[in-house]
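Take this structure, written in structure tokens, and hold onto it; I'll ask about it next.
Note that the chains take the letters A, B, C, D, E and F in the order they are written out, and that residue 1 is the start of every chain.
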Amino acid sequence: MRNVVVTGCPRADLGEVDALAPFGVATVHEAMGRTGYLGPGIRPVHLGLRVGGTAVTVVCWPGDNLMIHAAVEQCRPGDILVVTTTSPGTDGAFGELLATALRYRGVRGLVTTGGVRDVAELHAMNFPVFCAAVSAQGTVKATPGAVNTSVSIGGQHIVPGDAIVADDDGVVVVPRLAVPRALAAATERAAKESASRDAFGRGELGLDRYGLRAVLSGLGVEYVDYQTYLEGAR
Amino acid sequence: MRNVVVTGCPRADLGEVDALAPFGVATVHEAMGRTGYLGPGIRPVHLGLRVGGTAVTVVCWPGDNLMIHAAVEQCRPGDILVVTTTSPGTDGAFGELLATALRYRGVRGLVTTGGVRDVAELHAMNFPVFCAAVSAQGTVKATPGAVNTSVSIGGQHIVPGDAIVADDDGVVVVPRLAVPRALAAATERAAKESASRDAFGRGELGLDRYGLRAVLSGLGVEYVDYQTYLEGAR
Amino acid sequence: MRNVVVTGCPRADLGEVDALAPFGVATVHEAMGRTGYLGPGIRPVHLGLRVGGTAVTVVCWPGDNLMIHAAVEQCRPGDILVVTTTSPGTDGAFGELLATALRYRGVRGLVTTGGVRDVAELHAMNFPVFCAAVSAQGTVKATPGAVNTSVSIGGQHIVPGDAIVADDDGVVVVPRLAVPRALAAATERAAKESASRDAFGRGELGLDRYGLRAVLSGLGVEYVDYQTYLEGAR
Amino acid sequence: MRNVVVTGCPRADLGEVDALAPFGVATVHEAMGRTGYLGPGIRPVHLGLRVGGTAVTVVCWPGDNLMIHAAVEQCRPGDILVVTTTSPGTDGAFGELLATALRYRGVRGLVTTGGVRDVAELHAMNFPVFCAAVSAQGTVKATPGAVNTSVSIGGQHIVPGDAIVADDDGVVVVPRLAVPRALAAATERAAKESASRDAFGRGELGLDRYGLRAVLSGLGVEYVDYQTYLEGAR
Amino acid sequence: MRNVVVTGCPRADLGEVDALAPFGVATVHEAMGRTGYLGPGIRPVHLGLRVGGTAVTVVCWPGDNLMIHAAVEQCRPGDILVVTTTSPGTDGAFGELLATALRYRGVRGLVTTGGVRDVAELHAMNFPVFCAAVSAQGTVKATPGAVNTSVSIGGQHIVPGDAIVADDDGVVVVPRLAVPRALAAATERAAKESASRDAFGRGELGLDRYGLRAVLSGLGVEYVDYQTYLEGAR
Amino acid sequence: MRNVVVTGCPRADLGEVDALAPFGVATVHEAMGRTGYLGPGIRPVHLGLRVGGTAVTVVCWPGDNLMIHAAVEQCRPGDILVVTTTSPGTDGAFGELLATALRYRGVRGLVTTGGVRDVAELHAMNFPVFCAAVSAQGTVKATPGAVNTSVSIGGQHIVPGDAIVADDDGVVVVPRLAVPRALAAATERAAKESASRDAFGRGELGLDRYGLRAVLSGLGVEYVDYQTYLEGAR
């Protein structure tokens, strides 16, 4: 890993990100062809928030939050800090003080593959945090890392400036240049979902709406009544 | 696995299930001789709900929710959908649209060994969900499975039509024909628990109430005061 | 393991513990030189509580809560029950009835490496519970263990009478004789944190406040602008 | 759970089981329509063994091996002991002494969702063990359970007398009455696999042998050369 | 944690440790009243070794092996290095070079809650390693810790100079002053196990040898023949 | 994800890869500045192999190995197949037949974040497999994915044609264009390691060789003799 702080990274257009975020993580993920989801291991500590922003990335050594401090200075309004470590760890590398520093700079939230602490205080601040662990264990500031290099979380590649959307379903990344496309696709998908929601609310079945009866039949799925099934199983 | 949708399964009596559910998961599990609990891995996404119903079972391929769509049609008012996969996976095979379709048919909730998504929307709908994971990852509709065959979750066997009770403690299954027995036993146990709660609230000890002093003594547990213990440890 | 109930253990001074608890888990852990944290595996079932007290310890056999009943009798007002098992397990060895018995005796909460049940009822009672699992699975009362012997949880040694502080960040232990020192150190640290919070809230950077620019430079971390970095990567 | 030892259970025909076992776990699982596999969590401690037999089942309390002792008496030559616990646990409930007792009775191996110990001695005895954990932690003999009731492991239902096949790929169960069908299907599948092995060994592709080019094309998978792909990604 | 290297720790008598080790982990654990086992999470990378020695303990920061280097100097012939970290981590803090340095000083093996690397080379050296992970991830030398302070692993307390025994079943610790007692108890237990092995090898049952028929009966375990059981289940 | 098979990808120079592989995973990882290691979750099924080659990448749907069949055709002598899935899963998507097909084409091994089966047969073939799970569970061929797009495993980015080195320590990736640099750096590092090995074998300490006494002292690590330490702790 090159020990570097990359400055002046371009960001996704914040207006577009702000238009994209309300669609939520699941819809954005689907709209992008089922890509970008960071996996079920990164969860909100408190449910009920939805946030979008542009990624500032950080790579820390385990047990060390030096590079988060370096990253704060690189943040602009609308950013979301995205932290990972060179190997898995749960230490509470982020807490209320860093959240206070980020809030001053207009940062909208934190995504981390590690741990956070002060979660009562973060909740009181209404600072959105998506993480793999809660841990009070403190960290040192002794080992270098990187700010604003590309990172991989949950099998997804995140480049600084990419759009991040996070809510109760977890976190999704959209490549910076793909945000306009994501916005169009999410709008289209949301309309389709809305129509399906209406149809299902009126009693239509997915079997009919999506043409799945033919799929089931083509795959050899049989319909058998209970008594016949029991007798066959004997 | 036979690729089949079994139709017309008998259900536990819904009136009896409705009488059983308020006792809650722990009491029902105890009343049935400490059986039927699906384990600590299946949790509510949001705390505070308690629900009972009759099982419609689904076996899906990992990453595929085709059979959930087939199952919707088999549901009746009072049912709870119970989903498992042929191998462990976390994908969000269930979300708001399927919940809308199930609600139309009077289905009371979902239990799954896999993942769900749209959890903010499910919460807004007040649709009870008990699951092993939250994941926005989408699924396909390409591989067959089964509806209303018996399944095993957490070492417990679930037959379609069995009673399901779920709350903040997780999920318990009661075999269809055992529901009347469970109801009687839960009623009896609840009365006993109520008496114990009163006694403990007045300061009685479990040691006395359950006759455990003799047990401890029979097992050779000694009472030693702190100073004596310290000296013995030296 | 010696099968023993140790009686009459000295406790940390409750007034001092009550002064220490409001600082919270993270601050106490830091004040004690980053020691005593029981790890990210022990979590509150419901967020939003902070509690302090003196440890009464219990060692149970897996699937068995006999010794918890023996421990109730040893509890005094201000205690927190700290339960572990001889090998890992998730069974619901603790629930509403034991909480009722503990509350009568003025016990303030439960910490366990195992499971709890009746979590809806415990929440209604406002009884703080910090645990590794929720499970309705019942336990027996058949195998001996120990009360008020020292135990190890999450790599930390806990001696009966030690101070316990627990909140949304987890659980920390402070050795009985170290409580006055912890109180002084936490007070000092909280003042420092408060000053840092004010500074960060005004836009000061950790880089400057903690002298980290020199650290980064000494470690060879370079600052590179985006275009230069991209060209170097080609 | 009913606390019971069921005696005189019928077994699958041992001659048929002996004919089935050499096909191995993967082939038997495939031949049975991809059913019966107990999952990747149950592994051999030492690689290189393949064994078949008929199931004698045991349900133990965690931390307790009383019922294994009860089960030994129920074993006949050709049996495999299949142990599970009422809740997950890793204790070493099985070791060299029990293996000695089982070997005397002609038992061929052990499958357990829990732990084993004395693994060096078991290896020296050449006694096949498939388990979820190795642990030296000892167990008590204090809590009842069941022998030869049906159990569920890894989502699979096991009835006493069912055929068990175990090798380096794990463990598969075949229902007693399905063994003849499994044998025929495995024979057929092995022949097909053998032909495929020969074909693949001569350079034929699965794409052609299984008609997958049409599948890929029908699913919209495109073939794109590297330069074109790079340009499209820009 | 106090950042300290404690020098000149007393060790368990090496002759006694050498007499104890051949009994193996399971027997020593049983002989000590089922205590001291470090749990199923610490495993040998290669099976087939059994080793005993005296503990030199190390506490490292995650991702940092500075204190292991400090510990080497404190080692004497007959020691076993016991490493833990302030929070869980898998990095390969130990490899061939450190093993070479330890071997020079007569150290007999390594026990670690973290990771090791160069496992092919360690195997070629025949250097026994018991660990929680294998990882090639390198570590830094930047953060202080402790050598020869007491540590807790798997709920067991380890004091420098305690006896360590490790084999295919994992690792057990015996307090320094308890080694003579452990030796006597292990000798006695091994004799008892030997007699049991002979008895079981001649077909005696644990049910009879341990008087378990009365236990089963006292616990209400019934013996039911297969047909009767089936009819009762209907 | 774009459903695509990318053809004609450039590879790292095989001669250079062959020169790099013998240094082993740990040394290559160190030489590349501690990057590229795929983490402790991907392990060899059998120990004792070391292999290098060029990556052909595959993205499969969970429970589906269609794209592995598509990938076989894209393989050349010297390649290593690198498989991941769109969400975590353990199914045995790879076995003896695919290994046979790969071997015909000169492929040197498999790396997968999923499961493999037929491990006895793969061992007999001496086909190197590095995986996260062993599972006999079969897969379907129904859902599209990608061949030779870049993938992320264990936080590391892998581009088709990159060099892969795998041994008992796991798997490391080296970017295609960095292989010459890796080779030079590994050569240099191996020389340094060799000198250190000699020095440690003669009794030199890391404390002296790496100048760590000053580091310890600068970090405030004290040396305290045992008696003094005990008295301070009282």
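Rule of thumb we're sticking to: contacts are C-beta pairs under 8 Å (C-beta built on N, C-alpha and C of every residue); 3 or more make two chains touch, one makes a residue touch a chain.
This structure is a prediction, so every number in the text was calculated from the model and none was measured.
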Which of B-C, A-F or A-C has the same interface as B-D, meaning more than half of the contact pairs match by residue number? A-F
Using mean C-alpha positions as chain centres, tell me how far chain C is from chain E in Å, no decimals. 27
Per the C-alpha means, the centres of chain A and chain D lie apart by a whole-Å value of 38
Would you give the residues of chain E that are in contact with at least 2 other chains, written as numbers and ranges? 2, 34, 39, 86-88, 90, 135, 137, 142-143
Select the category (line, ring, star, complete, other) that matches the graph of chains linked by touching. other
Chain pairs that touch, by label, are A-B, A-C, A-E, A-F, B-C, B-D, B-F, C-D, C-E, D-E, D-F, E-F
Complex contact set, residues of chain A against chain B: 24-26, 29-30, 34, 37, 39-40, 43, 47-48, 50, 167-170, 172, 193, 196-197, 200-207, 210, 212, 215-216, 219-227, 229
Contacting residues of chain F [partner chain A, same complex]: 1-2, 33-35, 39, 84, 86-88, 150-153, 155-157
So, in the complex, the side of chain F touching chain B is made of residues 61-64, 86-91, 135, 137, 140, 142-143
Which positions of chain E touch chain F when the two form their complex? 2-10, 45-46, 66, 69-70, 72-73, 90, 92, 95-98, 100-101, 103-105, 115, 117-120, 123, 133-138, 141-145, 148-149
